[in-house]
Each structure stands twice: as C-alpha cells, then as structure tokens.
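The letters A, B, C and D name the chains in turn, as written, and every chain counts its residues from 1.
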Amino acid sequence: MIGGGTGSFIGDVHRKAAAIDGMIDLVCGAFSSNAEKSKASGAALFLPEDRCYGSFEEMILKEIELPESIRMDFVSIVTPNHMHFAPAKLALEHGFHVVCDKPMTLTLEQTLEIESIVEKSGKIFALTHNYTGYPMVKQARAMVENGDLGHIRKIQVQYLQGWLSTAVEQTGQKQASWRVDPTKSGIGGALGDIGTHAENLMGYITGLKIKELAADLGRFGEGRVLDDDGNLLLRMENGAKGTMSISQIALGEENNLAIKVYGDKGSLEWEQENPNRLITHWLEEPVKVYTPNGNDLYDAALNVSRIPAGHPEGYLEAFATIYKNFATHVMAILSGETIERPDYPTVKDGVRGMQFIYAAVESDKNNAAWTTFKK
Amino acid sequence: MIGGGTGSFIGDVHRKAAAIDGMIDLVCGAFSSNAEKSKASGAALFLPEDRCYGSFEEMILKEIELPESIRMDFVSIVTPNHMHFAPAKLALEHGFHVVCDKPMTLTLEQTLEIESIVEKSGKIFALTHNYTGYPMVKQARAMVENGDLGHIRKIQVQYLQGWLSTAVEQTGQKQASWRVDPTKSGIGGALGDIGTHAENLMGYITGLKIKELAADLGRFGEGRVLDDDGNLLLRMENGAKGTMSISQIALGEENNLAIKVYGDKGSLEWEQENPNRLITHWLEEPVKVYTPNGNDLYDAALNVSRIPAGHPEGYLEAFATIYKNFATHVMAILSGETIERPDYPTVKDGVRGMQFIYAAVESDKNNAAWTTFKK
Amino acid sequence: MIGGGTGSFIGDVHRKAAAIDGMIDLVCGAFSSNAEKSKASGAALFLPEDRCYGSFEEMILKEIELPESIRMDFVSIVTPNHMHFAPAKLALEHGFHVVCDKPMTLTLEQTLEIESIVEKSGKIFALTHNYTGYPMVKQARAMVENGDLGHIRKIQVQYLQGWLSTAVEQTGQKQASWRVDPTKSGIGGALGDIGTHAENLMGYITGLKIKELAADLGRFGEGRVLDDDGNLLLRMENGAKGTMSISQIALGEENNLAIKVYGDKGSLEWEQENPNRLITHWLEEPVKVYTPNGNDLYDAALNVSRIPAGHPEGYLEAFATIYKNFATHVMAILSGETIERPDYPTVKDGVRGMQFIYAAVESDKNNAAWTTFKK
Amino acid sequence: MIGGGTGSFIGDVHRKAAAIDGMIDLVCGAFSSNAEKSKASGAALFLPEDRCYGSFEEMILKEIELPESIRMDFVSIVTPNHMHFAPAKLALEHGFHVVCDKPMTLTLEQTLEIESIVEKSGKIFALTHNYTGYPMVKQARAMVENGDLGHIRKIQVQYLQGWLSTAVEQTGQKQASWRVDPTKSGIGGALGDIGTHAENLMGYITGLKIKELAADLGRFGEGRVLDDDGNLLLRMENGAKGTMSISQIALGEENNLAIKVYGDKGSLEWEQENPNRLITHWLEEPVKVYTPNGNDLYDAALNVSRIPAGHPEGYLEAFATIYKNFATHVMAILSGETIERPDYPTVKDGVRGMQFIYAAVESDKNNAAWTTFKK
C-alpha cells in the first residue's frame, strides 16, 4: 500500500475492503513519505518493520528483489490525486499490478500515459470506482443490458454532499485541504472527487457514453478556486438526455449518490444511501422492488452478495467486491487462466473520468457551452 | 364553471376542491360548447336546467342580469389552454372575479393583456397552481422567508410523469390529445402542463426569481412537435444555481413533483407524492422532519391543515386551499374588507409562468443558450 | 347532522367528507343541545335559521313533517359515544336512514337494540369506520378475497397515537376529556376510540373473525380509569394468529394505523399515514408495490380513486367514500333499485366492534385470559 | 474456529466480521468433525494443513501445546446449538477465551454450567448477539440510559423472517434442517434462532428486564414440532408493557428485526433492514432522525462508526464490532490492563436468552399463561 497512513480515511477503507473476503493480505507499505511515520503506521497494522518503507520507490525496488512467494502481488495507491501517477508508473514498469484510487491522475496527459503503460505492460489496473460493487448496481446493469428497460431515453444522476458547506479547509481538516487545492486535486474539485463516480456509475449501469455535456459549475465556498458544485446537461450517444448534479455544499447531504434511468419499457432508481433496494417501474405492471439475494435476480447480482436477504451489506462490502474481482483476476493470471470479462473498473474508466473532468471544466469556462470528450 | 363537463378530469377536481370547505356552491355552468352536452353535464351535477348554458358568452351575459343574491360570484375556467383567454377577458370585463387553470393563456401576449385587464378591473384573479396549497409547502416557504436556511445556494426541482411514454394521444385519450397539440396547448408541451408548476413552486418556496435559464428539450414521443421532456440549468437572481427536470415520458413516474433547496444554514426537501412530510437538514442538528399539525410549525402551515396530525391530506385539499383563500378574498371584498397578503397564485404568477415557457422554448431553439425572461 | 357544532373535530370531517362528491347537501342540523349554539353553528355553515334545531328530537319530529322533496334524507350522528343511541333510535323509528360515528353506542345492549331496530325498520345504517374507504385497503381486501395471498396465517395490526401521552384532559381539551370519561365513552377508552377501527380494518381486509383474544390493557395517564394502551394476542377462526397493539400514549405517534397480513402464498402491508401504497411480498417474485390508479389493480380499488395516479388522496377522501357508497345506496332505495353488496360498514360491524371492546375489557380483568365474543 | 466449514453461512460471517478491523487473524480451525473436510475447508481459507484439525478436542489440546506467540488466543464456536456446550467447556477449561454463537447451548442447564465455568476460569466469553453492534443501536441505548426518553412505558419488538414459509427443511436445505430439529436446536425453534436476538436487543437498548411474559407460539410448517412463529405479551420490571412478535413463516419478510420504545418524554424506532437511521419523536419538537457519524450523537455511537456519514455500514460491520470489542478486551487482558465496561454480549446475556426461551415455551404450554424467568 502506498499512502494511507494512520488517520487516513481512504487508506483504512481500502484495507478493510481488501480484508473482508480473506483473499488479500497486507504485506508491506509506504504509508508516508516520512520514513518514521510510515514505520509507525505499519506497526499499528501489525506489519514487520522491514516491510514498512520510507517511500514508494524504496518499496517497489526492494519488493521486486524478494522471492516471488513473499513479495507483494500488487500495489494499492491511496494517496491524494497528484501522487497517483509516479507510483503507478513505477509499479507497472516493475511488473506489479496496480489498484489505484480515483480520479486516475492529476492531469489527462498523465492518465493517457498510464493507459499506454498498462497496455504495454500486460499488467492489470483497477480504479476504485467502488460504487459499482453494490449488488443492486449489478442488477441494474444486467437489466439494462438485457433490454428489460427498452431504449434508454432519460437519465438523472446526482452525487450530493454537504461537508464543504462551510470553509472546513481553513480549519486544518486534512481531507478538505488537499481536495480544494488544484496542485493536489487537479483541475476538478467536486468534479474529480465525486463527479467521476457519478459519471462512472451512469456508464456502468446504462452502457452509454456521453456525447456532449454542458456544465455550470459553482464555487460557493469563500476563496475556493475549484468547483464545489455543478449542474450539467447531458446528451448521450444513443439520443438519451439527462442531468447530472454534483455538490459538496449541498448542506445536510451526506453521500447522496443516486441515479434514475428511464427506458421506453421500464425504468429504475437506485440510491447509495439505501443501497439494498432497486426500485423499478413498468408499463403494465406494478412497481417492483429488488433486494440483494431476494427473488428474481440476475446472476450478476446474486454472485456478489455475501449474506442472506435482509442482512444489509454496505459501502465496505461494495468496495470489497472491487478488490475481490481484482484479486480473482490476479490469481487467474498467476495460475495461467484467463477471465473473459473481468468486472472491475479499469484504466479505460480512468481515461473516461479524466475526459469528463476536462470537458466539464472547459464547458464551464465557455458559459456552459456544449462540449465533447477529447483525448 | 366554464368547461369541465362530464368526463373531464380537471373540472371534477375543481368542483370537489371548491366543495370541501363549504364556502362555495356551484350555481351555473357552461360545461361544453355544445348546449345539449352542457345541460346533460349540469343535470348530472344536480344543477337547474336554466343555469346550464350553451356557451361561456351566454353564461356571462345572462348571469350578469340575475339579482346579485342569485348570480354567480366568480367564474372558474377549466378548459384547455387555448380557451382561457376569451372567457377570462369577458368575465373580467363584466365584473366577475376569475379562477383560471394554468398555464394562463395560449400566448404570452394574451397573458399580458389579461394582466392589464385585471389591473384595470379591480377584480381578483386566481391561477390554480394548486401545489402551493400543501401545508408543508407553506412551512417550507415560511422557513426560507424567516431565514432559517440562510442564503440559498442550490435548488433542484423536478416534475416527472410517465403517462405520455407511449403515444396515448393516438389512442383517442382526450387528456393527451390536446396537450400535444400546439394550437390548443401553446408553444410549450410538458413545459406548460407541468414545468410551470415546477417554476411556480420553486418561486413560491424560495421567493427567488430565475435570472436566466438554459433548456434542452426532448420530443421523444413519435411525431410529437411539442416538448415531452426537458432538462434545464437555472441561475437565480441571488446567485443560486439549480436544475429543473421535467418529463411526461419518464416511464413509471406518476406525479413526481419534488424540490430540494440548499442554504448555507440549512436545507429542505419536499415531494408531492408524499406531501405530509418536510425533511430538513442543519449544520449542527440532526435531520428534522415536519408533519402537518405536528410540532414546531409556523402559523402559515398550521392555518391550512384541516385535520389532526397523522390524518393525511392530499391533492384535493391542497387544491381546496387555493379556492378557500380565493373565496375568503371574494367574501372580504363583498363585505368591504381588505386582506393584506392574499395567499393564492395571481395573474403575476401567470405572467411569470408564460415568460418561463417562452424563455425555455427560445433557449432550446438556440441549443440551450442562456436566456432571460422577456415581456 | 346531530352534533358537530363549531369547534368540533369530527363534525367538520363529516361535513367535508360528505361534500366532496357533490352527492350530499347539508340541509339541517341539531348541532348542539343548546339552541343558541346550534343556530350559531348552522349560520356559520350557511344554513337557514329554521333548519337549525335545538335538539335532535326537535329536528327529527319537524323534518318528518316537511315535504319529501325538502326534508332531509338521512341523519348523521357525530356526537360523543353516549349520545349515539337515542338519536339513532328516534331517527330509525321515524323512517330516516342513519350514518353514525363509531363505536356504535355506549353499551353492547344499546348496540344490540339498534341492530334489532335497523332490521325491523328496513332503513340503512352506516358506521363510519372510515379507514376502509382507502383505495389500497380495497385492493388489499380484493387480493385476500381472491386468494392471492393463499391461506392467512399471521396478522399484525396496530393503531398507535401519542396525543394522550400527557394529561391533556386536565387542560380542558374537549376531545380528550370525554374520551377518558366512562360515562361518555363507555367501558373502553383507546379500545373504543381506535381499537374498534383496528378490529374493523383487520376484519374488512382479511374477511376473518376473531375466535378469541387475550388483552393486557394499560392505564398510563395519571388518574385514568379507562385504558389508554393495550396489547392483544389474537386467534382467528381460520387458525391464524396475530397481535394487536393500540395506544394513545405512544408518544410521537400521530395516527399510525397499520396492518400486515401474511398468507402462505403472499403477504401485504399497509399504513394509514402513507395510504397510497400497498406493499406486497411473494414466494417467487420481487416485492410489488401498488398505488391508487396505478397498474394491475382490482376494480374494487380502481372504482374508488377520484384522481390520477400520483395525486395523493387522503383521510377526507377515504371518509368521503363511506358517504358516497351510503348515498348511492340511499338513492338506489329512493329509485327502487337494489344494490347487491353495498360497500360501507353497517350495524353488523358496530355489533362486532362492541363485542370486541367487551371481550378485551373482560380478558384484561382476568389477567389477559383468552376470551371469546359474546352477545 | 470450531465449525463453519465450506458452505456454512455463519462461519463465513464470523470470518469476514473478524477480519474487517485487522485485529484478528484466523490461525487454525476444526471446521468439520470429518478430518478430510476440515482440512479442505482450511485449505480454501489459506490455512496451513497442520493447523486444520479433525475435531475441536484435537484443536484445543494441540494448540495449548504451541508456543504462546503462535497458538490461538481464543476460540470461535459457530456450530449448530447442540454443539456449543462441549467445545466451550473444553476451551474455557484449557484457558482459552471464547466467542460463541447464540443461543448459548442446547439446554438451560448447560448454559448455567458454562456460566459457572466462565466465572471460575477468569476467561472472557462473548455471545454474538451481533445486532447490538450497529451504531444506531448504540445511540438508542445511550439515549435511554441518559434519560432522554424519560420513563419507558411501551415497547414493540419484532423479528420477522419468511424463509421457513414452505417446508424447505424437506428439500435438504442444511440451514433449515437443523433449526427445526429439537435434538440440534433445543426446545425453541424461532424462539432460539431469532427470539433471543429480539429479547437481547430490547434489553440492550432499554436496560429493562422482562418481569413476565405470555407466549402464543405457532407451528405452521407441516410436521414441525418446534415453533416457527410466536406472539408474546411482555410486562417489564419497571411497569412498561409490550409485545414481541417473531416468525420464520412471515412470508416475504427477509430479516426484519425492529424495535420501538416509547417513554414519557420521547420515543425511538429502529429497523435492522434500514440500520443507518434512528427515528425519534418528542413532546414538543419535530421528528429527529439520527444517522451514523451524523450530527448530535453520543460517543457510544460515534465510536463504532468506521466511515463517514452517508457511507452505509451493514450487518458484517455490526458483527465486526462485537469481535472488535472482544479482541480489544483480549488484548487488554494480555497487556494486563482492565476495561471498565466492555461492550459485547456476555454469558449473562446467554443465560437471559435461555431463560427467555424456557419461559416462552412454558407459557405456550399453559395456553399463554403469564410466566416468569427461572434458573
């Protein structure tokens, strides 16, 4: 693991998520660029001192020297955005698979470089768009893919938070301070932090790509240079239209990622804060509500539930499913097998996410003019 | 009553709503432009034959001849949009107050003419934006007005229906056929039918006006010339930003008018399909949910509840509150009293609604360019 | 109308409910046993002075003398429980149909006497168990009757309120003071006021009768002699088991009447505070949620919805359906027609309700011993 | 771990729950009484072969011989009920702490024997009443303990499942077949499997004990000798009254454990299927809804949330909290520290649970007579 020392939110999430299914052991880490702090974090995680490194370079270069049975199988990068590129590049170039937090890198150029390295390396790369791990998201995707909803006409996606309603970045809150800083976060604020999740979830469920978007971004927090709010119009490649609303100043919202998809035969709605429920509507039938391990589900949904119906799974389990599917792929590679359609977000999702950020920022600069994705 | 013969949806709604509070009696009607049909409708409503007229002109001209104690006190116009203007004009010019369904008229020009007639006439005019009659909408408005939410930053409003998902207008469904016909509906389809409600509700609760909007309209139903779907970006006069989404092809949606308002001290959300609940969020306090006749409400909300907490009031009661407040105003005028701040939508709301339709249609023609309201 | 003067809660409810469908006009009243007050109440309701009577005796005896086309068609009794018997008896004996609030009378003996008078009179008698008027309750009943749920095994019914959590009867609150007084309320407190509604709703939906019950009643309010809380075990005639919980000291509950019915093929749940939704579960299918005027409903539900799907109907509309079905029956009788299966609660429901109260009070006296219904 | 081989539901739950917080490593197991199967299960869990034992006796006796730094620190017993007693006894007697699934043993006598062994041994014993691990359950408990709700008057608790609606035990379903067999399950069916959870949750939140209960049990499944349904009246030691309803034939219910607690100052409601929400009601204030890591929580709730507000935690995380608190206690003991008020269910809870089962079965035999808890 790179980053994610004591006190980190997302480092802890990655560790718990990786642990749940018993397939992954944390064996080493460069938890901080300060060697002392890295060792202290490692000790708190019951790691031996000699596997706690002072930098990602040291970790990658030393681990590669260890016997295969001992050395790490892959790297998890859980640092702020501006520190994704270098360790991802180094790891891939030394033959390690990579799990990386989103958005993929600081700039689109870096993202495209990683994409090209991944392609050359033959290594696999997972981007933790964790919300696609929920069973009811898998069910939603299977329903669309199977044509149950018919032709998709309208999409509403939103990701609303309120934790930046006040200027918490000025109070020393670490999570806030790097996220509002373009040198660490990139050109997108809420766009990168949560907008990419919304874009990814929509693409995952509907299988549709954005043809063009019009973005009106807000910077409501005093002194903020990056967006902390945004409203977008979407036109999809298949002719569907939609809206995306994202915010980190939507006071009172906790982590309200939600989507509605309307086809000409049926429609569905799903909310991350109430994730064990998929509500569907039909032309002639009553409203049908699906639940994990409940009746009449597609295998895609059944396969990722760990416990019986009515026993709620949550955020960590959805995150764990990304790790599980990634680990399954790593193990398949180790044993020379192939997996036809691995189900976790890849470098392709990362590229699309960065294109999304760039298109939205460009549109906003042009007074919400329609803008397409660019390489 | 003008229009609203047997089989009409909205005529029946107006009659039931007007009856609930025991302040209004239906005394005459021109329920159809066919005299036979009008009489038949009137008979079914237990009206004497001589008060069932074959046209609105006949009704207005004959009623004005009746003694004051017998003749109607005001006119309710519940015809399709293209038949609002003429009877409203005639009624006002003959000294009758008017209740009129929305949107106000077929064109903005007609609306402005009615506005000017109302101003000259000294008569009162109510537009049935009925959704503002709900107790929790009154509470929401009072909270914003009182500053409880602080400065408003973000608004999400939607009005989603699915009943035009298929081409029901081709099956002879009367409600559908005039709504998709520009000669009867005007230049807005869903915009006029439900978008104006969304605009009005937002303005009523927040007290804010739209500075400019960008509208991307859809015409998904085969052969439709008017919009049956729309996504809008909003910029409000106070600097707030928002989205509006309207649709009549959002399959499975019944009558999903809903609004969220985010301030810098608090936020609120309300849904028409679950109207007896106002959810609010706060910087430091837990989520608070208000209910009609429940604890800690403003008088504005308490005053319009008819029954104790937990006894749900619905659409007809909200509609009835428009009639009740209008009738109270009529009675005040009859007895020479004045009412300081009558609480029902007026000709001003009608003008703003038509400006909204025109701005949205113009924006859509210009590829969703930002557009302001025009006279 | 007998009772229901200015300031009465339930009188106003009856009037509004009777008005909604335009079939019933209030033509006279004995709104108070004080002639002055009765006239004042009548005036506020726009009634002519000579139809405002000083007592129910006067009203019945004078109205019977009026020409048929003018005199009232039926009597509505909306007084406290101890004043149901005498006016109901007198009205029936003078040939008037009767609508009466619940529970039917002060004592079981009186109820049985009214039952016998009704049977002899040929007049019809409606008891306003208004909660059976909701469209989704009609749907629930039709589903059970049609065998959709299979054999019923388990029932949970509750009616929870919190308005007597404190000793409001000592503050002069009129609604509270007669309800806690056995000379006005009868031997049941919460049992009579809300328990009978719960019993009636359960019987209406399931078609099942209670074989025996065990009741543990509470008197939590200081100085209360009547029950303000009760927990009951139920054994039904078909072998099903269940619970009933009623309370008026369940602090925070508003008007939480709710029922769950479990069969061996399906189950359903309905809540009065969210009445436009019927949730059903099935052995092999996903959860299905029905809504008024939504898809796939029985005619019994479709027939009682007044407005399109998504336009919520509430308590007054459900109450109005009782009046509408009663008025339809009265009109059928007037025109010599018969109605096969009139759908409103009758004197039979009233008898069962009083038997329920008596059985529960007896069981409670015997430390919650199993007790059957007795004549 | 004892029991919980491949295909076991609860074994897997225990393993995942124990893994989440990174404090516990699975080091050995007797996963089956068949040595081959045990080794196969262990291999699938990446355990070395020499730590996969053919019986719990072998495991305990061999592990005790291992150096302290290597041998297991405690035993987890996840077998069916009839196989809790022997391994718990042996483990305690050899100095191992114990985590044991509920209900504690097959008989009350065994439970009392374990209680006495625990007391003598100085070892700690956790019973996995996992539902007390949810953050909002901790908040509920803290609110009651702090007097926020005032004097508790009324309690409703239910635990409803539908998975035994049909005779699944006759289809070879392993989970079902031992649960309906009194030689494996004990004298309680649903009572032991889920009723004890309901009793424990109620006791945990309210701090109240049952004074006496009246139980009416059902055996609806064809050929079942143990209860698969039950309705209970409760009288608590403080004078409160309540109901408990449990079922495994409540068709359509998934895992619906829910509780309502009414005091004379406030009330609360919580549902396991929607666990990240605690709804509270107050005499003078609006409804307040608490969420994990949301505003205005007690430390007891804050301390057990792993992720920010709006990121749902579920069943596994609640279960993990039991393990975490137990492991923290084990580590404190290892380092010679004491923990003032360890927060996990203990042998005391196990005794009360068995007394509950025995009292309910006895009451049911006596036609639901009031019955007290007995040693």
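Here are a few things to note about the model shown:
By definition in this document, a contact is a pair of C-beta atoms (placed from the backbone, for glycine too) under 8 Å apart; a residue touches a chain by one contact, two chains touch by 3 or more.
Keep in mind that this is a model prediction, so the values were computed, not measured.
Any chain bridging subunit A and subunit B, meaning touching each of them, is among C, D; the list is complete. Contact tally for C-D versus A-C: the pair with more C-beta pairs in contact is C-D.
Centroids of subunit B and subunit C (each the mean of its C-alpha atoms) stand 35 Å apart. The geometric centre of subunit C is 43 Å away from that of subunit D, both derived from CA atoms.
The mean-CA centres of subunit A and subunit C are about 55 angstrom from one another, to the nearest whole unit. Residue positions of subunit D with contacts to 2 or more other chains are 253, 282-283, 287, 291, 294. The part of subunit A that touches subunit D in the complex is made up of residues 9, 12-13, 15-16, 19-22, 26, 45-46, 161, 163, 253-256, 272-276, 291, 294, 306-317. By the touch criterion stated above, subunit C contacts subunit D in their complex at residues 153-154, 156, 158, 162, 165-166, 214, 216, 218, 220, 229, 231, 233-235, 241-243, 245, 247, 249-253, 260, 262-267, 280-283, 287, 367-368, 370. Listed in rising order, the residues of subunit A touching subunit C in the complex are 282-291, 294-296.
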